[in-house]
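A quick write-up on the structure given underneath.
In this document, chain identifiers A, B, C and D correspond to the written order of the chains, with residue numbering beginning at 1 in each.
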């Protein structure tokens, strides 16, 4: 997942100020349990420090909105443009990604000051009656920040998992995954045909979600729930991690190179599996969806079952009638996740774990990236990645939608990524 | 490209013996210009020694056909099963791929003896009236060997390019690429709609070419010829290799990591570009299609032009009416390539350079890998690769067809890979 | 430099308590300018976080002294044995060195509590009249902590140098290097002969400093001051970093692999050289000794001059008559360095920069490592390292002595390491 | 071991022609069992192809002797200067070392033609009455070629060990190691004192063997034979490869990184140890000296015994009275090794396996490298290497002498390297 541009606006000017404030407050609340040190360290090149997330999302508003559009805006600190640019080549040089964790200064408190400075200015801009283009940029900045809220949590989890103390981010945790696995798994059948997927332009979406377009989908069946930890343990026990015939060639090479024998964060303690969570190390819940598995593992598991992963079109088609939900909705008041309604008989479609699809992240027909710096760029990542759908328990609830295309390289495991089985009908 | 299984037979039993003999003789002829040393060295982990190609294709017939199906067959050398298995996990352990170049023994002459031994046995089997399953396996082995004929040539070219002497494989070279670039480039328009692609079962095809299936294609335009060296030099001169905004994110990282500034094998001599060919180092021909570029480079070039690469479906649709041709047809008598007919106004569709498409190598709907060892497996490579279409000047002529899906990772450059531009209509 | 055991005691029981208190207070004062984040991050595998230094030195007293020798001692936290063991295989498993920077918890404040807890217990033990063995262990722990005081400063400097803000550790800095370079360099001659070097057992020394032993030294001459920055700039300007004939084979490979063109921390700003210091980035002082050069660079520089580096025996012989001095002496009251007396006409022998010698770190004749866990072990590092002599501006003043053998691998640059020229007489 | 220059001549002009012819013929005979492919492949970056050894030693005569000193000499092939220069920066650019194995052309036969061409010219030069400087260069070239004769054999052994067929270089092998281990090991005592070591200038020696100089040696004892395979098996069985306390820190890291559990080339077959030899895979002979162990292993073994490795001075002192011998003497007639006389009660001092000493390869006092290209340069390798003494079963007999300082990095195993124990007296 990456910082990415919008194509279409959804929030009426009236609601935008409230949306902005809620998003910004949520980030602040997510930072609250963290010490300066927690917020500074980078646990691997793919992850970023929490401080960096908090600053970079703020820099986005400063560089993309305030500097070009707010007359008389005074930049908070000239050096922050170098420190907190992520990868916008258009905007200039930046701190190399693997060295984001070297920035013990500025301190976390200074980043909060930076946020206040920018919030004040954006508030002024919003109340001045910005034109539509500026409003859209601010809205985009909010969605961009929501993406980083999820990353902040996945990155903190990864960091704390490297610590032998296995500290808790927060206990009780804000996050609950629906445990629907005790019900028997059933397959729901879909007719396919000439169908449409992709965002239709009503409301906000990232550029890569559109254009809406027709395609042919063959009849298929989709499991009515996610694969569970209990089922994953069966896979392990059956030797799934030792049988090359189950794996993609690259997947098997990855298994051997990294010595994978179980999902990321799992460890054995006295013959029982534990995993790392945002409230510290915990015993595995057998009925919860398996999480922190790579595309390669998801694909091998499906092969072992004689099934396959769904395509993103199949998933989106099936998700069409399902009511979305999620885990933390507004103002940072993190709240228990409601059980998702069972439209079409499908459960756990939204807000539990991201579901790997077998679809590489490719442009939809007639896709065009947004112009300008904000167009750098979902398109830029359209190689070597697979699409995930549905949102996870750490995705902000109002950031989830049926057309959303998340994407990660197939070896990625530190996201809340799991799977749902499919088969040809 | 990999050794891959068939789904459907094409050669009538009567013609199979002749097909087998031609294919085997062609390989032998390809080996003729090589010394034992030439045929032994491995120039990089992705490439294999010529000796290994000559032995592995022979091992395929021995392990997949003779051992299970020819009563009383005596294996040539028990140890060859370890030495010349490529990646068939079903068949057992094997020499690690990056160490294929350590096998100075057996000598090339011993490999030729091995080939004779197997040819005699296959001849006996063919004359004994094998059942259809066995015939299909032999036919598959022939197509498999044709794949390795191309690899033998690309790998020898890579090896000789590492040698400061830049030796010629053969001069005059067997290979000619059609130089059609002096004609102005024009775009041909296609209507799209609900169309069908994929192999229809008539004649031989690899499993991944099917099943034939419907899909929606939007209207598009396709260039009537390949991108030329002259056009590529313009791209270089315009700073194409230095502008990150033109590149996929992974592509740009690859450019930086490897210091790419021009296609593989190009070198500057006194301000002029030269390239390595099968007849040694040669000055660049401006009108010839550019070759030895990666997917990343092809994509960046298209972006620089304001165009894009075609999808594989677009390519196959356009190629439907074009007569195929190629460079070396039978019995190893390498012959000049005829100018390809201009059906639909498209030129250079077959047998010049492999054309990168923007389609990741993914399973077609309802794809099923072949059962058994030979089903290891196009499917196994369906991650991290892009499809190339059309065949190159080193692809055997009768190995080329419109449905053929070649595939390589996007950073690959040592194949004869180039590009054709496309755009939305 | 590593945490290392003693062989011989020097501090009378009466003075030990004061020595302990001073050393511990100094460490505390060194930590004072650091935030929790500053003290947590590890900037490279060779460096350790300040927090780790502060905790590990404390752990040493806990694991080596209190647990075995103080009846009823209650360990502060059971998990710290895993977290803060450096490399004592005898003591058990430990956090892998390259992951020391993952420990955002325990926080810096908790480490200070740990220090208080241990200090209280050691105080109790000291007042209880410990036997000689225990006193020696406590004394060893103090010297061990002094080693880590230097490392804490070199590691913080390295960390801050990775930060684009180039923050100051402390300004004005506690550290002053004598700038004696404006005087013309002269060579002092020494007769050599059958001489003795090594520690004689009076006062504290690490095991590797002894036994004192005879050896033959040929007549030699030693420069009366260190090589300066101005002289190093001449070396750069003359193409020293581009001429392979000046370098050891391994050194030249290192230059090429790392793109070295100047000492570590040097950068060019508008045609002028700046360097990173404990008070932030500063212009180079031409008359100061060059620092942060590797053995390879020191050796190449000497070759360029037609000179050589001294052996450690030559250095020790010459240093015999020179009064020692240093930069920060006691109780953390960091004070300006006094100009070192010029015994034998030699200046800058102690407390400026560590001086590379051409002597590999090898055991002296009849060397025996100390028994037990504390004997792990200077000896353990006796391969692949060169001896440095004299102490640097960040070495505690009372930690410097003429027999001290510091050692680092020849590519090391982040220590305050420089050089003095020598030649055969 | 490297190609290195001389300081002092030993062969009277009369004998030089015969010496030259013998050396050159020996190389030719060493190449005889090799195919073109055998002679071309490079099995690792540290090793070189046999063809390269045969050509490089010839190039040495061409570049250092014929081109500057034989009027009218016509270079065999202009390109060979690039292909076969090893590392002489003075002489110009060269094929990168790790790519020496890419040169399938020129073929082995062409290299033999090259040798003939150069031999004819050197013969002419020798008969023309060259001056002393030229004679010395030719003599140096002969010793240089003898070094490469040993390397050719160690490199071929390494190559053949990578081949699953474990082919024999020659059977019966030319090489015999004295198996003296059945006799009980005894220690011989030496008094030490102020002694002299180093070459005294009578006869040929490499520059690093001198100057002869005084040093102090403490009394010591030396084992009267080498450590045997049987003793090494005891070490393995006792867990020697699993106990970090026995190892140097770098050695233990190397053990872990490479998974070492036994000497190079050893493999277990049905519970018995086999090893790779020049006559193919063979069962271990318990009474033979252990070979193919690194410095780290030798040091750990000695620590496990409560002993240590000797210094090179101790070894040279002890070897003073022992008659030298060796395995293949002249004209390529490889002959069984005579049992070495037992002067001073020491056996197996020469021509069995190179003996690791604990002495880093450092310059002797007042060492000066030879001037000019041939002075590149033992000195250049004086970091990161340890001295080995005594010569091995693949060292030419007349290339062995008591002052000879061979050197390799401490992790090196593919040479015939073993050890002899020592202790303080």
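In the analysis below, a contact is a pair of C-beta atoms (placed from the backbone, for glycine too) under 8 Å apart; a residue touches a chain by one contact, two chains touch by 3 or more.
Here the structure is a predicted model, which is why all the values come from computation and not from measurement.
Asker: Look at all chain centres (mean of CA atoms) and spot the one farthest from the centre of subunit A.
Answerer: D
Asker: Hey, how far is the Cα centre of subunit B from the one of subunit D, in Å?
Answerer: Taking the mean C-alpha position of each chain, the two centres sit 46 Å apart.
Asker: From the C-alpha centre of subunit B to that of subunit C, how far is it in Å?
Answerer: 59
Asker: Centroid from C-alpha atoms only, then distance subunit C to subunit D, rounded to Å. What do you get?
Answerer: 38
Asker: Could you pull out the residues of subunit A that touch at least 2 other chains?
Answerer: Expected reply: no residues.
Asker: Name the touching chain pairs, please: which are they?
Answerer: Going through each pair of chains, those in contact are A-B, A-C, B-D, C-D.
Asker: Could you please specify the touching residues of subunit D with respect to subunit B in the complex?
Answerer: Per the touch definition, subunit D meets subunit B at residues 35-41, 43, 79, 82-83, 95, 99, 101-108, 159-160, 162-165, 167.
Asker: Help me check something: in the complex, which residues belonging to subunit B touch subunit A?
Answerer: 87, 89-90, 194, 213-216, 218, 244-245, 247-251, 295-296, 299, 358-360, 362-363, 365-366, 376, 380-384, 410, 424
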